[in-house]
Amino acid sequence: MRILNNKAYDVKIAYIGGGSRGWAWGLMSDLAMDDSMNGTVCLYDICSESTEKNCIIGNKYSSLKDSKGEWTYTVAYNLADTLQDADFVIISILPGTFEQMRSDVHSPEKYGIYQPVGDTVGPGGFIRALRTVPMFVEIASAIKEHSPNAWVINYTNPMSVSLKALYTVFPEIKAFGCCHEVFETQKLLAQMLYDCKGIEATREDININVLGINHFTWIDFARYHDIDLLPIYSEFVKTHYDEGYILRKGSDWRSDLFASAERVKFDLFCRYGYIAAAGDRHLAEFCPGSWYLQSPESINRWRFKLTTVDWRVANLEEKLMRRERLITGEESVVLNATGEEGHILMQALLGIREIISNVNLPNIGQVRNLPLGTIVETNAIFRSGEIRPVVSGKVPENILGVMAHHVYSQEMTVSAAISCDKELAFSVFANDPLVTISLEEAKELFNTMISNTLPFLPEKWRN
Amino acid sequence: MRILNNKAYDVKIAYIGGGSRGWAWGLMSDLAMDDSMNGTVCLYDICSESTEKNCIIGNKYSSLKDSKGEWTYTVAYNLADTLQDADFVIISILPGTFEQMRSDVHSPEKYGIYQPVGDTVGPGGFIRALRTVPMFVEIASAIKEHSPNAWVINYTNPMSVSLKALYTVFPEIKAFGCCHEVFETQKLLAQMLYDCKGIEATREDININVLGINHFTWIDFARYHDIDLLPIYSEFVKTHYDEGYILRKGSDWRSDLFASAERVKFDLFCRYGYIAAAGDRHLAEFCPGSWYLQSPESINRWRFKLTTVDWRVANLEEKLMRRERLITGEESVVLNATGEEGHILMQALLGIREIISNVNLPNIGQVRNLPLGTIVETNAIFRSGEIRPVVSGKVPENILGVMAHHVYSQEMTVSAAISCDKELAFSVFANDPLVTISLEEAKELFNTMISNTLPFLPEKWRN
Amino acid sequence: MRILNNKAYDVKIAYIGGGSRGWAWGLMSDLAMDDSMNGTVCLYDICSESTEKNCIIGNKYSSLKDSKGEWTYTVAYNLADTLQDADFVIISILPGTFEQMRSDVHSPEKYGIYQPVGDTVGPGGFIRALRTVPMFVEIASAIKEHSPNAWVINYTNPMSVSLKALYTVFPEIKAFGCCHEVFETQKLLAQMLYDCKGIEATREDININVLGINHFTWIDFARYHDIDLLPIYSEFVKTHYDEGYILRKGSDWRSDLFASAERVKFDLFCRYGYIAAAGDRHLAEFCPGSWYLQSPESINRWRFKLTTVDWRVANLEEKLMRRERLITGEESVVLNATGEEGHILMQALLGIREIISNVNLPNIGQVRNLPLGTIVETNAIFRSGEIRPVVSGKVPENILGVMAHHVYSQEMTVSAAISCDKELAFSVFANDPLVTISLEEAKELFNTMISNTLPFLPEKWRN
Amino acid sequence: MRILNNKAYDVKIAYIGGGSRGWAWGLMSDLAMDDSMNGTVCLYDICSESTEKNCIIGNKYSSLKDSKGEWTYTVAYNLADTLQDADFVIISILPGTFEQMRSDVHSPEKYGIYQPVGDTVGPGGFIRALRTVPMFVEIASAIKEHSPNAWVINYTNPMSVSLKALYTVFPEIKAFGCCHEVFETQKLLAQMLYDCKGIEATREDININVLGINHFTWIDFARYHDIDLLPIYSEFVKTHYDEGYILRKGSDWRSDLFASAERVKFDLFCRYGYIAAAGDRHLAEFCPGSWYLQSPESINRWRFKLTTVDWRVANLEEKLMRRERLITGEESVVLNATGEEGHILMQALLGIREIISNVNLPNIGQVRNLPLGTIVETNAIFRSGEIRPVVSGKVPENILGVMAHHVYSQEMTVSAAISCDKELAFSVFANDPLVTISLEEAKELFNTMISNTLPFLPEKWRN
């Protein structure tokens, strides 16, 4: 890699999970639209057919005539080859198949435990973590061996646990985790500013201080120029508490499985006085089961949906068909900014620009009242060769009561997953705030879910 | 005060809450049986009739012919007089009347929230804290002015919050909190040792490491000489999990409102692998509502009772009648060791002996993973002029998830009570793990309970 | 104050020490050259003649035809009036007169203790602190009363102790300290880059991570785009170790009392492997006396000078004459950027721009291995309504040995100065690494220096 | 090992350095006089002749008719055999020979650096650490493999660095370090109590709070029953400051190379107001060179001597002759309590008794303002199966300035010694407060000293 006149040449990106349907294409589009870098993207996935097909699609993006970044897409068939000479490693994998996800999300329903996402915390998030961590252990070892100086960007959930696994295996790793949930809250604040004050602003205009853990992140300071947004938000919440608020026309919670009416966010503001900065579906999973997820009816009252895995299966089908059309040329690849910041953060780390953005990193002081080493989400400065988190202060103590539970679980989850310690694993599982059932029932549910995910667990779990 | 030949003369004890029916008489008995100290006990209470009557009873204890400690009991009518020249200050008060206690314990039942004690955490403990803190603020100010060098022993609940209030107002105060709940668990371990190994031991023989917060204290190390008691306890729990265990013949949970069958303790051991060191009725209140206190039926299954305030009212009647009998001489005062350690700790602080015992103190390093300043319960060395807590290690992380919630509430509770900040108070109230109701219902309950306790709250609450 | 189209109107700056000869004129020039803000600068000084004269000069800057910022200069005669409605408070005062400074710098020479500056640490810095702190106590109280929400920028030395005093009196104060020493080191790195690689860069192009305490600040990371500057510096040091390096033509250490040949900086690099980011004259004062300041001869070998107070007296004469010329118009005021960042930081805090720069602030996590609350110097993000220090990591442990000594003194110095505790003061004084004399001699020197500065100490010192 | 009726049977002690002349015989005597334990002592030393001879002597002690402990002494020829089944491991070795010690102590004298002991800090202590650490690395590995559950008692200097090495290699090791320097200070206080108040007390009667690092340990609280000893010490210091104080008749500093007149201790009290709890010869080495060790003359004025290695060589000769006499029976072994507490601590850990004593351990919270993990010296409770340090508070900040330097060096020294990093080693060496010479001279001295100790350094140092 070289920098010349503020442009980066021969950048090497290793993309683990490069066979993805959808997310990969977004990255390809972002890279193609960015004129400040060029180089190679080496795709790797456990499904080599998918990788090969995405390679074709990637090169189609590159050869679009309005493409500005010149990227060559290649395929690797093992981690060692993928990581060779990498400047950046992107990790965006799906741990397990939809069958595992089905168990994560739906098995607990029999016990009255409802999860809108099931990929971060709760019984589903925990079981997903158990199968994700061993994959990240393998990846971390490979990075340590083959590309120890590369910047590693993780997009995989559960975010905190995945990053913690990387740092546990290879403490010197230069890994960080990106998530767009905070961006959405910035957009909500921008929209609020327009509604309440008639001021048009982009999400980048909304200065915020971010602190917490991924998917349970909070904003305790928000400004647009010299305007303090917290008092305005307070009024906004009062106005919309009962009915909720539809941020995006056409993205109504009644029809869109991923949408919400922000009612959980508003309720949390009434409880704590700070702005929760993630989607309602995620936020609800961190709270005591009695608050938002007591029953399908109560979820309906809070105005969001439980995402079914059936929907995901159907949606995948569509994407696979689209993939074929893209390859045959029946459908053309089209440049379209995703709003993700991955390529911008790369520019910054290469020294081409400077940006302040929110990011997941081990706590080295950015959040004073969470333990050092916990993976936390705060703002950081990205610039030439460095990511420096800002000192973001303390999580408000009231919120901390609910948050700390998950923070303490984080490390134990990684530890149980690495050591395959079934007893510790169950102890953490039964302790989750959503697991409001007896120890006996919890044991039964745990055994069922472990059994369903067993094909993706290390050998030790079979003993 | 002077020490001569390892005996203390002219010790001055100021006893706030000295009009108590029952507890005071126990102290009088303990002091009378102790030949290493003598001096004056100055009683003070908001009810002067009670103080005066207890003064008579106290002097009866002193004049028993087998009484070894020579103590004179006097009465004071304000804090300043009480504290004058005190070497020790004992605080053992009942904040409010049974009417307030009735509201604390029973008001939440309408919302399906059941509390066996209601004096530490949960909605009842919180409201009790709101009226207790201002009293401790007043006491702390008086101690700061009149007896800043006295050792201050608190027995009042909520323990942690009361102590925190003392230290908030007067950071140099030499206050500590005593609670016998841990002793009971030592006795359980001694009894277990007899049952399982045929070894007879007293509670003092059971070496333990104690850590946590009052009424949610834990033992992670327990030995009798070279015998590790944890594996034995593990077997013991397996044997008795289903049926529970009756520690004291004649103190069956079916008939004794304060007894339990230790099933909560055993369930917590199954969850975490450590020994919970408090009574089941207290322990249950710290856990998510869905675990032990879901309904009167589930409480019955866990084999303990909800203590009614009616019972307490009736019990008080009996004590008042006994008081009259003691004063008239119809009934004689009798020496009877209580098992409380108060007088022994005094001896130690005077330099007469040395003892290691559990105590509530601000965290200055004794529990590594709880915030500095939190009131924690651990072992400490008591000896001439000093209490030095031992470094007790880390609360196991799994337990910490549940414990931290209460730790963070502790400081906010004191802060809300001192500042009379209704908004913060409600935020803490609604955040309690037992408050598994909607924000709206929580608000309603909060208002009712505040209104019931209003006569004991500072003026500001009436605005 | 209002913001319109990214320009700030009616900004109110309160300038304490506004009678300064020199520094004030620089600020006037910077403000006049800045088209993004306008408003009022209210000057205050204990010498009202100086304030009034500077007011005239300030308004001359404003009325220059190429002046872009429109500022009105006014005079106040007490702190209350000065601070009224202030958006920003600038503190840049000289504590005491040259007579006190003469004692600070020269009294210790009799004992073989040489100080090139004597305003930060060492016996001189300590005594200066004793008379500065009470002034800052007064200022902090006034700010608390009259402008609690203003941003407070301190330029006064001793920097750390002054800021600590502000925060001790008024913990919620929004104060920070600016110092240009780090800029000079950035310039040195830029010059080095040119010398070694032929690359032209400005100081702003040199990305650094800064950490330490004022005047003993360190750089452990330095980049120009993708070029790591530390290995280059290592070579640079080898080349210039013996002879030193003259950064600025015409600013030779042989003729310029404030210049150095960077030999201390180079020696410290050889010792520790990190770049010291302050002038040699300051750096040397933090180190054991035997390293650089053993004797005038050794100082000469290290290639810098001991600044005499005589020179300062003469220099002041010149400035006073120039002041008269400026007022009479004999000499015209001329716009000339100072390179100070004060006005840029103001812009940022008003929300007009965003900047990352080094700043002195209480440690809230930015330096992990220095105590919380210590005034430290690191980078921070300045933007609308907030200063967020970045997590700068740990001071390298070897450096910490020398640095910690001063860190621990910082708090004790403030505490001794506020409480007028002569015993504590002497204990800190005698403990300074430059005070390499016997306790008896130290006492003698201490008494002499206290006596010389007594007119500027609170009454209590006279007892 | 078994405990019966509060007596321990079949205790196995592994004694590394068991060939020692003098120290070993003391232990043998202590064990023989203790009727609460019996078992086997397995001696190991790099010099097998010494071990074998000590084995004979040990068994002579056991067969004395007034010997109460029944101990069998055996010899092992490698670490594995030595450690097999050990309940306790004693480490008391001399790292290197007198030739190395000669270089440690005397080489720096050429540069004006004088060290009375040279085994803890200063250039001598540092070089000694470099050759000691690899030995402890080997021992720690062997313990990890062969006796991971044994209690490990270290007596070797440098104490802190040796323990740190053990914990670095095997973090779960149950190691602690014993040193009698604090006992001597307790004896001084007891003697003072007799002189000033006519009260006879033993050192065990003197309650103290201990905190700091080995050989630079401090007492901030000292009581005899209800008597506060600090004000008495303050008077005592005033009285004896000029002339010093001879604690032991017949142990005058003019004739006894290991004695002092406590003048350093008194001077440090004048500086800081706390009692330094180690011998003057050790204390002086931790302070800036200009305070006590400037020249042989100044050392003489401070009233202690520089111990020469020649003396040690001569002394060894005497001991070897005595050894022969003991073996031939020309001289009889005689029971004589050493005053060391090793055997008492063993009893406590076996559950036979309980004791509070000072001990060196990694900081887990016992000293709040020293880094976690630093080897610190404080009081601890020793009882069945556990050592629990007490929370000893904060090192007074003034003292911390001087102490911290050594604390930071501790970890770097271990790190440099393990990694054989010559550059880091030199950086630490040159940073020592006694190394008041130029970088160039320091380099020269460092190279000389390394070269002298090279036979005892790992291979890597030869590159």
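Letters A, B, C and D name the chains as they come in the text, with residue numbers starting at 1 for each one.
Simple rule for what comes next: contacts are C-beta pairs under 8 Å (C-beta built on N, C-alpha and C of every residue); 3 or more make two chains touch, one makes a residue touch a chain.
This one's a predicted model, so the numbers in the text were calculated from it and none came from an experiment.
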Chain centres computed over CA atoms; the one at greatest distance from chain B is chain C
So, in whole Å, the Cα centroid of chain C is separated from that of chain D by 46
Between the Cα centroids of chain A and chain D the separation in whole angstrom comes to 54
Going by residue number, chain C touches two or more other chains at none
Among line, ring, star, complete and other, the chain touch graph is ring
A full list of chain pairs that touch reads A-B, A-C, B-D, C-D
The chain B residues in contact with chain D across the complex are 1-3, 6, 207, 209, 221, 223-226, 228, 350-352, 354, 356, 364-366, 368, 379, 381, 383-386, 388-393
Contacts from chain A onto chain B in the complex sit at residues 267, 270-273, 288-291, 369, 371, 397-398, 400-402, 404-406, 408-409, 411-412, 423, 427-428, 430-431, 433, 436-437, 439
